[in-house]
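A quick write-up on the structure given underneath.
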Amino acid sequence: MAIQVAVCGPSACTAQEERHAHRVGELLAARGAVVVCGGGTGVMAAVARGAHSAGGLVIGVRPGQGHAGASPHLSAVIATNMGEARNAIIVWSADAVIAIGGSWGTLSEVALAMRRGDIPVVSLGGWRLVDADGAAVPGILAVDSPERAVEVALGVTTAG
Amino acid sequence: MAIQVAVCGPSACTAQEERHAHRVGELLAARGAVVVCGGGTGVMAAVARGAHSAGGLVIGVRPGQGHAGASPHLSAVIATNMGEARNAIIVWSADAVIAIGGSWGTLSEVALAMRRGDIPVVSLGGWRLVDADGAAVPGILAVDSPERAVEVALGVTTAG
Amino acid sequence: MAIQVAVCGPSACTAQEERHAHRVGELLAARGAVVVCGGGTGVMAAVARGAHSAGGLVIGVRPGQGHAGASPHLSAVIATNMGEARNAIIVWSADAVIAIGGSWGTLSEVALAMRRGDIPVVSLGGWRLVDADGAAVPGILAVDSPERAVEVALGVTTAG
Amino acid sequence: MAIQVAVCGPSACTAQEERHAHRVGELLAARGAVVVCGGGTGVMAAVARGAHSAGGLVIGVRPGQGHAGASPHLSAVIATNMGEARNAIIVWSADAVIAIGGSWGTLSEVALAMRRGDIPVVSLGGWRLVDADGAAVPGILAVDSPERAVEVALGVTTAG
């Protein structure tokens, strides 16, 4: 079975986040990973387009009942009809999670993946967490490029 | 987006059900339909093997947290960690449902698909329903061959 | 913790089913059982009204996002926003299931409860199942009165 | 229908978080609100005990299949068998959310509630969020006492 990587991010994203997501999709597809995403707009659409352009498989896990609003670049659509609870399904289906940018939905996926506790959770330009004492909450792997996000997610190390 | 067809059936099935499921998988793949199934053993494994052998895409929607127990012929695995509630996800992801054989899990998928009410629900050798007055409950489309199951599911008519 | 009994049935039911559901609610409340139901109309509303009238606790597990359409006699509302997948939650929350009347949603609850396999599933005037060979599918406990439904669900035996 | 308030927090919490949760439970019950929580240990057990001690109704929405690990002070148990996806159900069942302390599970509930967007989300001693530019992410209502948490959740204002 191929490695599956969830890519999460805002449905309304910046141009940079869109470029990053597209690149992450290309890189994952090039390495043979299946992309699992929310299948909507913004980061979700960009990663689907990127993976599709590189001949990869992309599964969209949708919150509603059908294909409405789904990216046209998905290989298959899972219609959960469960709203944002589908975020838990995306997380359980993944061998690693990459979050690009910050939003409440994205944060719920990051939190659920950290709660799961046994897969890498990578953040590219996302929100950071501070505890009640002002200390950074550890665990999320912050990176600064799509290339590095994919390397960390797949556990690949490259010479410096 | 390709047509998606859910194929349901017992995890412990008869040899005939297995042959039927394999053939349904082949036929759906040959027509370009994506197969959505539970991804486990029995009818699920047979339809996955059939679709895979014909070069089709098969998504397994699993009840647990990971790939344990998943058929090796799946293109991608959705790990719901929601037990049999995943049956509702299989049903919402489908443009048609084909049930092969009878079991309580299969019946729940048939019932959820009929409750949904807007897709064909086809039964090949499955259980039948009788109301409290002894009358047959209408709605499920009973067929007697894999070929006919796929035709009815896809809304294809063939000359007699 | 009190015993919890799920009561299922059509949202559009007959007058007799409504009377039966009301009586089942009264009897369960009188025995200290918590009623879990779908919280909507028909059998769901009647069992909630019955349990409430006898001072019992009734939890409604709703398919949507809020209280819209919820029976006014519920002690608490669980809004799943998961559509009919909430039926699996009703089943897992119950120490026994009583189905009153037949519908596709009701059948999905009966099927999920039988699939679970470790609790009594009682049917009062519901659909019956026949396998592909015409034989009755065993397992569901058919009864013919609300009193008997509650006795069987709670495992109570009474002198003849 | 009574107001329903979700109270979330770590299953392993500090003594102060436990006191805060107990007090929040008492205050909510005293105002007639139904408490919805995860039904487990730590903050969940403390809020259940507090609400129960004040004669209130507390519903525990559990991740597993049964009553194992459930607080003994719950009025009713909803067994979702959906793991942390139950967090979405807690959020949809609430007219307001109070988070006490920080953990990944708690964060997922806060994020899902903010994603929902139409209810107050109150944080007592929880984690804070900073965006990629270092600015605080607005929206969560930080308070510093159980009394204030309940006032803000219920939209009650008191003279200074």
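Note that the chains are named A, B, C and D in the order they appear, and that numbering of residues resets to 1 at the start of each chain.
In this text, contacts are C-beta pairs under 8 Å (C-beta built on N, C-alpha and C of every residue); 3 or more make two chains touch, one makes a residue touch a chain.
Since the structure is predicted, the reported quantities are computational estimates derived from the model, not experimental observations.
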Exercise for review: Can you spot which option in B-D, B-C or A-B is basically C-D again, with over half of the contact pairs the same by residue number?
Suggested key: A-B
Practice item. State the pair with the higher C-beta contact count; candidates are A-C and A-B. Key: A-B
Practice item. State the chain with the largest centre-to-centre distance from subunit B, centres being mean CA positions. Key: D
Revision key, fill the gap. Whole-angstrom distance, CA centroid of subunit A to CA centroid of subunit C, is 40
Revision key, fill the gap. Whole-Å distance, C-alpha centre of subunit A to that of subunit B, is 29
Exercise for review: Would you pick out the residues of subunit A that each touch at least 2 other chains?
Suggested key: 65, 81-83, 85, 88-89, 92
Review point. Once bound in the complex, which stretches of subunit A touch subunit B?
Key: 1-2, 4, 34, 36, 57, 59, 61, 65-67, 70, 72, 74-82, 88-89, 92-93
Practice item. Sort out for me which residues of subunit C touch subunit B in the complex. Key: 82-85, 87-89, 92, 101-105, 107-108, 111-112, 114-117, 125-132, 137, 139
Exercise for review: Spell out the residues on subunit D that touch subunit B in their complex, using ranges where they run on.
Suggested key: 65, 81-83, 85
